[in-house]
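Dumping the structure here so I can ask a few things about it.
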């Protein structure tokens, strides 16, 4: 009976667009979905540091180097908030980290693409963070309180990152012929994978309905993808880059952009561990984790000794 | 009484310019002197790999890269022969390695100088290997058999190395202005340290007399230094480099070159551990040794298992 | 040396870049090996590979009147054709050995086949190289056994290394469309896989190592699409030469 | 910003290069730290140091109408003025912390003193920097305690790291003749040593670490004589910029 009252409370809170908080009762499936989604998001921030950190030592000006370090550091920070949000649901950071390293947890497939060119730092900001924002802005109103609040802070920083990415590309497009080519080549590589970040088409997205009912998710994959392209088209015009979709055009009837066919085979290949950098990304994360073990053990041992020390 | 007969035999062999072999009786001091000298020489080969390996990945042509790899590899080989020669005197390679890593054993101070320039690969060959050859050719007749025989092989390869160094410098001196400057700047840095390789002046070289009596050493430090400069002067003329000694001139009376004052303070500073790269060299050797421990243990464990395996 | 056609030059560049980049990686290790004997052995292997790279790049260069150094030092990353396996960082000694085990077994089958190439220059290079990579194969196999069957630590490291290296095996045996134009001249990569498996699997079996399953890297080196590592290798390799355009060394 | 004299510019380059190279080293670590909190902390420290480097190099550049990037990307090794300590490779985390412990204590005394420089630009840069390096000092000291007093392994590593780093301390406090020309402007290096010792020794004592004895590296960074490591740092740092002369980023 009690459960039923609690369940009613939960349903009412959701219906009223109120927030569920850690001590509130919630259905197991809601908790599980959230842990999966939040930890996946946290892992994405952490793995997402890799393609960008690849350019820290080689950033072509000291200003860009400083901006890039700050950005990668923000991502570590986002990872930390999100792990904290997930921990409020009863899963420890160690468990989540172990799942990531063992290859049992997902992170956004986009980070399995490499960043071989400096322009990729621009494209990651403009396209990848841009897509992330489209996905995440609605999450600021996610029904689970700690998640929504983490997203507010993260979205603010992400939109800053997106602008920085745009500026990198703008500087390149206003630069030498080699720089313009560098920018266009990079946009060509990142455009389609960025569109895939919204996930499979609505008719092939089995979990979306429940997430929308729970107000964890508020728009369908295809809606968000459209919103993203709407945002990109005028920005691409300002940059002077061509979006690599010959079929992209504004449809007067629907008042939306018609998109070319997305290569879902590639999407599924990357998801299945056959992308360009899946192995590299996990190896790097595991190595950092393993190499740091003695340090974490030392910190724990020291903390333990200090706690055991009588006050003097 | 027996000892006395043996001692006489030893003295006779030395007097007859014959070779002492491992199973022959020898005075403790002779053995000790040899172990010190041979292991010091072996350590020098091993530490001497470092300044040169510094340029393997950056050698400016594939031909030079190949020559350089072969050279550094030869040095590892020389180290191996010499450790073997020293082992015939009853000291194990592990003991010698441990003494090196603990900072208890010496190696040639010249390798405490860095190789910041590609031209240094030329200078090391021309000047450092050149000085080594002057030191070592007489050692081919060293009274201790395994040492003398190792030196025969080593000297052959060293003179090959010296010619390669000369060729590197020659190519630079016949190249662009920047290359000529690179060569001269490097010769300026290596010339004096190379002269110091012959050790302190004769009037300040306490151990030389005994080593000469034992026919381990056959010429005094200053004699060898002179011989080296005699060799260098015409070669420098061919190269077109200036030896950085304004006081260097041929003395008609003595038929020898008069040399400028050597900075023995610098010599003693480097010897005392205050040279440019002493710390770096030993740290690198220790790290390679420590990082390799698990590999050596695995090889030993595997060999042990195989030996214990019944033949099938 | 005869003049290579554009297609043959492209193929010689595939092979040459593989050996060049792998030699460069091994070159980083010299004077840092676990024992002096390995400094010598790894130096030998690096020298052999560098020798193959030079022959192949010299031959590739005949198509465009360039020499080996023009190709090694003055191309940029997208013009390199190395496979991702060769670009992988050294890591610990187990990773070096795992990479050697795979690369030497691949190169052996490649050169064994290429000895019969209708292109006589490639055939001659292969005939010399196959003997050398056969030694590299042995060297790697011996160390694989020592590490996999040595101590608990060495086994743990060898298992991890093999699993880290294995995602890069697939690319070696992938046919690019371009290869169709070199019938009788090139060794079609996919056709080498069976022999590779037949040769490497007994080594893994003796070492009690399972063939790893899991990731397969998408690769793309043959099309100029490289791992994030290659740029760092090239930056270091080319820095001096590029600072002195036109200089001879 | 006022225009620096040639001497002041040289001095600002000493300081700027130290921070630039150290920031570059720390930048190599980001996304590889032992825990996420340390990715954030090391990133912060790198950013602070890079900020100091930029202010100092901008100021140095005023003497010759160059900007910070001209100095960072277009000078060659002999024109850099970094001390060898800053050039040392990261090694393990204990080595990173040992280098941070020494460098932050040095930089703290330097900037504390420079706040009173007769050169107002240097004084202003120092006033901002001293607060930041004070935090770096704390960060390093805390980790020194954790590692030295944590586990047997961490203690062993911390002892080795301190001993590896210590040979490079001496150079930081060595007066080059040039410094005589900057009386009242520069902080004479030798005069900072007492304060440095007084600040670092209690940390070492609390960590039960002895001041290492042994090697003293000859140094020479202030005269453009560098460790063998710097060239590799520069090759990587400058590679992209130098491939595009005249480009803006």
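A, B, C and D are the chain letters, set down in written order, and residue numbers restart from 1 in every chain.
Keep in mind that, in the parts below, a residue touches a chain if its C-beta (ideal position, glycine included) is under 8 Å from a C-beta of that chain, and two chains touch if they have at least 3 such contacts.
Predicted model only: the values in this text are computed from it and were never measured.
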Q | Chain pair with more C-beta contacts, A-C versus A-D | A | A-D
Q: Averaging each chain's C-alpha atoms to get its centre, pick out the one most distant from chain B.
A: A
Q. So, what's the distance in Å between the C-alpha centres of chain C and chain A?
A. 36
Q | Gap in Å, rounded to a whole number, between the CA centres of chain D and chain C | A | 40
(Q) Can you compute the centre-to-centre distance for chain A and chain B, using the mean CA position of each chain? Integer Å is fine. (A) 58
Q: At least two other chains touched by the same residue of chain D: list those residues.
A: 231, 235-236, 239
Q. So which stretches of chain A touch two or more other chains?
A. 58
Q) Name the touching chain pairs, would you? A) A-C, A-D, B-C, B-D, C-D
Q: Flag every residue of chain D that touches chain C in the complex, lowest number first.
A: 76, 231-232, 235-236, 239, 242-243
**Q.** chain C to chain B touching residues, read off their complex
**A.** 20, 24, 27-28, 30-40, 43-44, 46-47, 50-51, 53-54, 57, 68-69, 72-73, 92-93, 145-147, 149-151, 153-154, 157, 236-237, 239-241, 244, 246-249
Q) In the complex formed with chain D, which residues of chain A make contact? A) 46, 49-50, 53, 56-66, 69-70, 72-73, 76-77, 79-80, 83, 118, 168, 171-172, 174-176, 178-179, 284, 287-288, 291-303, 305
Q) Can you name the residues of chain D that touch chain B in the complex? A) 77, 164, 167-168, 214-220, 225-228, 230-231, 235
Q: Under the touch definition given earlier, write down the residues of chain B that touch chain D in their complex.
A: 51, 54, 58, 103, 114-116, 269-270, 273-280, 282-283
